[in-house]
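Next come two complexes, and both contain chain A; in the first it sits with chain B, in the second with chain C.
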Partner chain A sequence: MEQNTISLENKGLEMALSTKPPSLFVLFWRELKHDAFAFISLFVLIFVIVAVYAGAFFLTSTRDVMSNNLINQNQSPQDSGSLLGTDSNGRYVAPLLFVAARNSLNISFAVTGISFIIGLVVGVTSGFYGGKIDNTIMRIVDTWTMIPALMFIIAMISIADQRTVGLFILFLTMFTWMARTRLVRAAALQNCNMDYINASKTLGTRNSVIIFREMLPNLVDIVVANFVLSLAASIGMETGLSLLGFGLGMEVPSLGTMLQAALQPVNLQFRWWTWAPALILVVIIMLCINFVGNALQRVADPKQRYQ
Partner chain B sequence: MKKHRFLTILAMLAVSIFIAACAAPAVDEVAVDPVDPVVGGGNGDDNGVGPDETVVHSIHPALVVLDQISLRYPQAVNNPGPILQPGDTGNIIRAAQPTTTTFPGIFERTMQSEAQDGTILDLNTSAIVSLTPEFTWGTQGIALISFAPDYTWVQLDMQYDVYWHDGTPFTLDDLVFAYEIITHPDYTGIRFVPAHFFPIIVGVDEWRDGTADHISGLVLSNNNRTLRIYYTEPLPPGAQFGGSIWLQPTPRHWLEPVIEELGVANLADHARARHEAVGFGPWIIDTVVPGESVLFRANDNYHRGRPLADYLLFEGVHFDLVLSAMREGLFDVTIGFVPAANYEEHVLFNANNYTMASWVGPGQGFMYFRTGTMVPDEYGSLATPRDDNHPIQNLAIRRALSHAMDQELKAITIQNGLSTPAGNILNPFNARQHIDPNVLGFFFDLDLANSILDEAGFTERGPDGYRLNLDGSPMYFNFAANDNSFNQQAVPTYLQNWSNIGLDVRLYTGDLIEWNTFLDNVLLSDNWSETVHIFISNWSLGFNPAPHGLWGSRVPFNLSRHTSPTFDAILDDIASQDAWNPEFLSDAYYRWQVYMYENAVAAPMFWGVQIFAVNHRLQGYDLTRVEGRINIPEQTIFWGLTAPVAYVNTN
Partner chain C sequence: MYKTILRRFLVLIPQLFLISVVMFVLAVNMPGDALSGMLDPNLPLATIEQMREDMGLNLPWYQRYINWVGGMLVGDFGRSTAHMQPVLDVIGERIWNTFSLGVYSLFLTYLIAIPLGVLAGKHSGTALDKAIITYAFVALAMPTLVLGIVMIFLFSPIGLGWFPLGGSVSAVVLSTGTPFEIFLNQLHHRTLPAISLSLVSTITIIFMLRANVIDRKASDYVTLARSKGVPSRTIFGKHILRNSLVPVASHIGLAIAFTFGGAVFIEMIFSYPGMGTLFLDSINRRDFPVANVIVMFFAFLTALGVLLSDIILTIVDPRIRIR
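This part shows the complex of A and B:
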């Protein structure tokens, strides 16, 4: 009888040890099944992204899309016989929209990606080693955060010799990596105090192995959730700055530069096709990203996730 | 008056005037007739291009189109209604200045160089001799002007008692003070130019050396009411034009302490040259919101009568918003012209609370090709060709660039038919005076542009399809333009036009440039001289057709930095004593027009009308020339001074 109890307990322990925790993907799927918005958003988002990249890929070239034809300026969809008419430079809005959206997505992927790479390296270093290193790094991050980002970006864009996409990405990244660093550092700090890291340290495992093989996998869920959410923020920043004229130059189409058409009262009132498509696309992309991102965030947090 | 305006950069001119309803037969001649008897025969570059027949015009075809365009809107707008009296509630005129930028806020004539500042100064002060409708010197100003029989001196006699806004009496010593500032060796402004005859005043060299404590050529009478200015050589006939001689006084009692404190170079930094400036004009500067707006109050002591309105609000409004603001009734009038590129908004919204007035204003835009640098010397600076062998120095390149610009299309589409391609280097405002009807300007012809390049040896093309330099190296040009509604549409099209003839023209900085940055780096300095090869600039020019102010080798406004012995000789001829002979003068002007065309110093952009929105509340708005009003539009806000005039009623 006693023997039985023990074996039962052992069995339970064995089962607990042998069952892997559900993967991120499974959890996400479980989450999606119970959140219709997120579910639809995911498919819309995938569809939009694939369509944008495929569309932009199959269009002949940016140069053709950007080719001006003043005779055709401001044609409505009916008049021009094309899907979305033409803008004030006589460019067809529909193909322009694909190239513009691709550029905007590229920029936001690049900005978010680079700032997460920086955030991971700096944040994990800071969180794992702690002490003076942590203190120094975090004070630098604090100082950097205090700089009014928008004003700084506008000033630097204004004095830049040449407005290139690379430069724009650099400026945006310069002011987005701090938040990622803090996030990663907090998670790393939390993990560092857990028994598995302490045990590993006691066993004499090398730091690099602890960081990359043991700690990083435990940060993935947080990183993924935040990555998706900050994509939306990056798109918002790009469109905002470009709309105000402090973003990409006039030779690089983006959703923000397309929205500039709406700054003219004539276009706003009489020519919806010059700005509405870009606006709708921005709204769709940002909404979808937010719904999906929120679902991911709930997945990353055991207290919020759907049990 | 207003020589300064001849040269004043019209800041946002941008959307310039110009434009054109272009289908008229006369314009077709411009487009298809690349050979003209004066120009085409001599330069040998258009062999085999275009029809062989030559058409001799009695009137320049572009002027015919310009006349048609100017009939679209009247010069005067008369609205019925009660006229307000001083002191009535709401007796304030609100004037919108269409702009893309803030104004620098220097309200001192000797130091100011930007057009919005100039407009504000026009309200606050004025030149002391009036202009006739023909823009010769008139008799209704504070002073009368008379010339020596041999034109070696000029005499000014005050005919009214005038007071500065702070109550100090105005004397001609204040004009002497302006001369002392401008000719001072430390002077950093842009007015010390031969166009105002400063360097030939007797005693100026000694004054600049520091060996004299005054300019001996300026002789005041004992009561300071008569001034004679002696010149070392006779004045050219251009001196007859209003504005050529500097007659903008500077208050000595007000600014001399500033100069003692800061020096001439830093005069513009002091509050007294800015928001505390005093003038003697009809409007007193009351409150200044830096860069945005100026509130004026009426000058009760103005010598020609108090303005009928109590206050005048001058406020900068963005090009794209100015017509919405007019629709909303936020302003009574646009004090500067509404950009032609925004004209479509007027048509589409069809507002019923304002009407348009138009005139052929003294504005002109150019596509400049910068081939030199201003090199400082003892008399300011001298345009000097650069020796960097950049292909922009090649005449064939400049001519090809000029002929590849499709101006007519832009005139119809972007400028909404309010302008026509510029027919000539002359300013449309006074083009009738000396125009050679057979110099037809840079008509659009891609084949001609291509053949010019091919003949000049630019035949090799690189892997990207662009033409290579003569030595086989890749060549490209940097292009700059300021940000405004015209350039937003036109600039990509220009770049495209040029890439169609295989020239790699790149947009410098990758975007249009904010106005003040553009002004500082391209127009007023040589900061970007090495890097920017082509740029657009628009001017609000003066009434004097003489080209010295814009093209002379010592003039900062010579934006091409072009100069050559032949060119100098032509300019000298126009300014010489021989020019008192009308035939000689005409011939010199003709030679100048041919030279500008053949050497492609700059490509003139458009000729057109400037349009102004006038609210129905405002009465008596009139752009017609009348002596005593300068009739540049902002001057009509003198309203009520000499003519029946303008008021705001409260409805």
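This part shows the complex of A and C:
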């Protein structure tokens, strides 16, 4: 009798070990099937991203889109005969929207990517080694977080001789890496306290192997989910700063610089086509990202995911 | 506990010191100074140089930094170069506007978030819950400034005309109205920016409350109370709600920091005369004494907010003690 239960347990264990856990992609798909909002959002998001990059790629040349035409200023869609009319510089809004959205997406991908790379390196170091290293790093992160980020970015952008895209990405990254570091560090710390890492340490596995082959795969879910959500935050920051005139220069259109038109009451009241398309696009992109990111976040947490 | 609070407070000092150095170095490196663009171009260079010398602009940056910090320690915050007034006077005019906007916005935040969060948690899984979550997601998709534009478009005189646009109080009311009318008018002017600010901060609180209520509903002590036959109204009001509000109470410090930080930027969209518009104006006019003090003020406010959150947490949750 006793032998029987033991062999059954062994069998269960064997089965559990022999079947691979479902991949992130499979779990995500399972989640999507039960969340209509996330499902639709994913397809809208893919469509928008593909359309924006393809559209911006196939536009004859950025120079054409950007060239000012003072005769065609502020023409409504009916007057100009094009889909979305022209803005206060006489540029056609529709093609401009593609280039602007591509720039905004590029910037937010870059900012999120770089700040996650920093976050992973610093956060894993801090969480894995703990002790003094952890204390020092977290003190620095705390101090850095106290800085009023947007004010500093405004001050730094005023200093810059030239407002280049790279510089803007650098400034945004300077104030987004702390949150990512905190996130990764908390997850790494949690993993380090688990038995599998302790067992591995006892066995004398090298630290590099523990970190890269054993711990990092367990952080992937959380990082992917938060990467997607952070994209929305980066787009929000870019839009806000450019809107106030402290983002990109005039020669690089972005969704934020297009929204600047809305700061003039005349445009806001009578010329919806100069600002509304950019605003709607920002909201659609952020809404979709949030729904998809939230579904991913549920996938990353075994307690919340759809069984 | 007082000791730990004091210790946390002392840790702030080196942190604020570091931030002040960085901000000062940034300010010194900005192209142009308080005199550029302000002077008659026909003035001889020697005169301008003399004025720079008199204002202390030619000293090395560390000398100027020491003068600045030394002044602040004895309560002298310097003089604004653009307004020709002491910095404290310039900021003093604006600080009440930002403060009242922030407080009003915080009030609206909790007024919206607490009922919605509790309802979503209480009726989790129902259509009401889904509607509230959808609201939160839509609000999350609106960066504060974009929301500001939408608000102006819909409710200012450009749209429905329910709320005025720009300024903090109407001049007519200020000169002729009774104190109560002035107060109402101020409230009226602050409503649009305050709502734009608070919608974003409601989201965190709604999600937090909802998760807490759902968590408590399934907890053992609630099951025990139910099996003892405590009426569900009492269970919800006394056992679930009170415990769920603990994290929300401790979140208020962070909410304060977040709201005031956001207020600075929403002001620019609504051309509202507060610290934010003053900051932008100071940066554009190279009025560094004012800009530096504003940055330090907000860094200090953020730090205080975080500290306040920790203190409240230890008061309302006996399990946690500040180390």
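One rule holds for everything that comes next: the second predicted complex is superposed on the first by the 300 of 307 C-alpha atoms of A that agree within 3 Å, B and C clash if a C-alpha of one lies under 4 Å from a C-alpha of the other, contacts with A are read in each partner's own complex, and residues count from 1 in each chain.
Everything below uses one rule, namely that a residue touches a chain if its C-beta (ideal position, glycine included) is under 8 Å from a C-beta of that chain, and two chains touch if they have at least 3 such contacts.
These numbers come from a predicted model, not from an experiment.
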{"item": "Touching partner for A:D142 - first (chain B), second (chain C), both, neither", "value": "second"}
{"item": "Which of chain B and chain C A:G249 touches, first, second, both or neither", "value": "first"}
{"item": "First, second, both or neither for A:W275, with chain B first and chain C second", "value": "second"}
{"item": "Which partner, chain B or chain C, touches more chain A residues", "value": "C"}
{"item": "Partner chain in contact with A:Q264 - chain B first, chain C second, else both or neither", "value": "first"}
{"item": "Chain B versus chain C as contact partner of A:N89, first or second or both or neither", "value": "first"}
{"item": "Contacts of A:T239 with chain B and chain C, given as first, second, both or neither", "value": "second"}
{"item": "First (chain B), second (chain C), both or neither touched by A:R163", "value": "first"}
{"item": "Common interface positions of chain A, toward chain B and toward chain C", "value": "158, 161, 263, 265, 269"}
{"item": "Chain B residues within the chain A interface of the complex", "value": "320-321, 323-324, 342, 344-345, 348-349, 409-410, 413-414, 483, 485, 488-489, 491-493, 496, 507-512, 514, 517"}
{"item": "Complex contacts: residues of chain A adjacent to chain B", "value": "66-68, 70-71, 73, 88-89, 158, 160-164, 245, 248-252, 263-266, 269-270"}
{"item": "Complex contacts: residues of chain C adjacent to chain A", "value": "15-16, 18-19, 22-23, 26-27, 29-31, 134, 137-138, 140-146, 149-150, 152-153, 158, 165, 261, 264-265, 268-269, 279-280, 283-284, 291, 294-295, 298-299, 302-303, 306"}
{"item": "Chain A - residues contacting chain C, complex", "value": "37, 142-143, 145-148, 150-152, 154-156, 158-159, 161, 232, 235-237, 239-240, 243-244, 259, 262-263, 265, 268-269, 275, 279, 282-283, 286-287, 290-291, 294"}
